[in-house]
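Please read the structure below before turning to the comments.
Going by the order they are written in, the chains are A, B and C; count residues from 1 in each one.
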Amino acid sequence: MPPIALIGILTVSDRASRGDYADEGGPAIRSYLAEVLASPWEPRQRLVPDDLDALATAIHDLAAAGCCLIVTTGGTGPTPRDVTPEATERACTKLLPGFGELMRKVSLAHVPTAILSRQTAGVCGRALVVNLPGRPRSIRECLDAVFPAIPYCVDLIQTGVADPPRLETNPVRLAAFRPGD
Amino acid sequence: MPPIALIGILTVSDRASRGDYADEGGPAIRSYLAEVLASPWEPRQRLVPDDLDALATAIHDLAAAGCCLIVTTGGTGPTPRDVTPEATERACTKLLPGFGELMRKVSLAHVPTAILSRQTAGVCGRALVVNLPGRPRSIRECLDAVFPAIPYCVDLIQTGVADPPRLETNPVRLAAFRPGD
Amino acid sequence: MPPIALIGILTVSDRASRGDYADEGGPAIRSYLAEVLASPWEPRQRLVPDDLDALATAIHDLAAAGCCLIVTTGGTGPTPRDVTPEATERACTKLLPGFGELMRKVSLAHVPTAILSRQTAGVCGRALVVNLPGRPRSIRECLDAVFPAIPYCVDLIQTGVADPPRLETNPVRLAAFRPGD
């Protein structure tokens, strides 16, 4: 039996990290994963300010702690404080531009300002890192679009690992796709 | 009342800058903006050769002169002389890949060679920089696609500025989208 | 009459280069080109392991040998061994993101895991470099999508060359697009 999958959920927000308002993105991601995943998993939740060093460190730490997937929420816009994509690029050895392209495409069906999002994805150690928007509704739209590819991507990134985690989804809710299946 | 918005219009062309032929891209952008904008604005037009240093400097200068939006035309193709995207990357602290993705997508509906365009967008100081193609018809197609997101992007980039410009469009011609509205 | 066009076909695979299994991607590209091209051409086929230095060198060598087009197959996924996009970025002076965007889009109509591909394209000297997937069926889907733009791109990259190659396609099979035509 594969080990329990650890999934990092990283909320990026100056205001939420100061306690000025409640984090909505982190809980939205957590309830989405609870709804979609059929295999055992545990969240590793973190709340950090919009700070490049703090963010890159948090991504590295979650990967080093054994997370196979790290999802971020917030900090992907064009303002000077938005540095989540920069932190992701710094922490990752490979970038996966297809995630950002597809998430912007699906968001664009709802709002013309979807093109302002700089969301990306990449690989940090043995973890897939995916940037999500801040709003719960947009988080779900983006995850519905990219999640079918995530379990297989996690498999690929674990190539050579002795006892890798394996993500399975509830097929009624969302069908994961693995080319070999 | 917000201040008059300054908009940089930067034509990039060896031949037009030598006077070998008339600049068509700059005037096409100017008449597009005149048609679409309902708030007070003033153009700052520049004509520069396809030179990386000259172009990056021109973008910086227009941003420093207070432009909230800088649109370029020309120099986005694959030939050795095409360096507008490189100059944009050099001048900007953040890139916004969603602009290029969407502009290539709408151009692709007209010509298969749309994928050859390396158009991008980014943020230089307090200015949004957007690369456009050289041909007047393609300029209009691209602006029709991305302009709905531009006023809100300009708002975001001015975060913290005391008396920021605010772009309003003529809703009959083109509806700008601001999430809070 | 234009000179015979040399086209580099670069198979990237640890296993195929060790002889562990037969290269399927290279022959699939070759038969595609034989089917689509109507002008004289000659393949320059190479088989290299998934090694960044070896790959970047192979791309440079094929460009230096006079290839106007170099297509790679394999090595574009998210695993640690996949380094074809990195080698392409290192060998090229310009990147053409529109190729990767369009190829991922057409592949996405078939498999959700298309977003895991990091395929890109760029310009190395006087050669257009295009990354393709490893599977023959995916290779054809991607080439059908981007090939209409390739002959004109090759023309543009040869700007200033005395006696440039010129790619012509069989219009019954695939119509190349040149804006001036």
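The rule we apply is simple: contacts are C-beta pairs under 8 Å (C-beta built on N, C-alpha and C of every residue); 3 or more make two chains touch, one makes a residue touch a chain.
What you see is a predicted model; the values in this text were computed from it and never measured.
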Interface residue overlap between copies subunit A and subunit C, same or different (over half shared): different
Subunit B onto subunit C, rotation angle from CA fit, given as a multiple of 5 degrees: 120
Subunit A-subunit C separation of Cα centroids, rounded to whole Å: 31
Per-residue multi-chain contacts in subunit C, two or more chains: 97, 101
In the complex with subunit C, residue positions of subunit B that touch it: 77-82, 86, 97, 100-101, 104-105, 108, 111-118
Contact footprint of subunit B on subunit C as seen in their complex: 93-99, 101-102, 123, 128, 146, 148-149, 152-153, 156-157, 159, 177-179
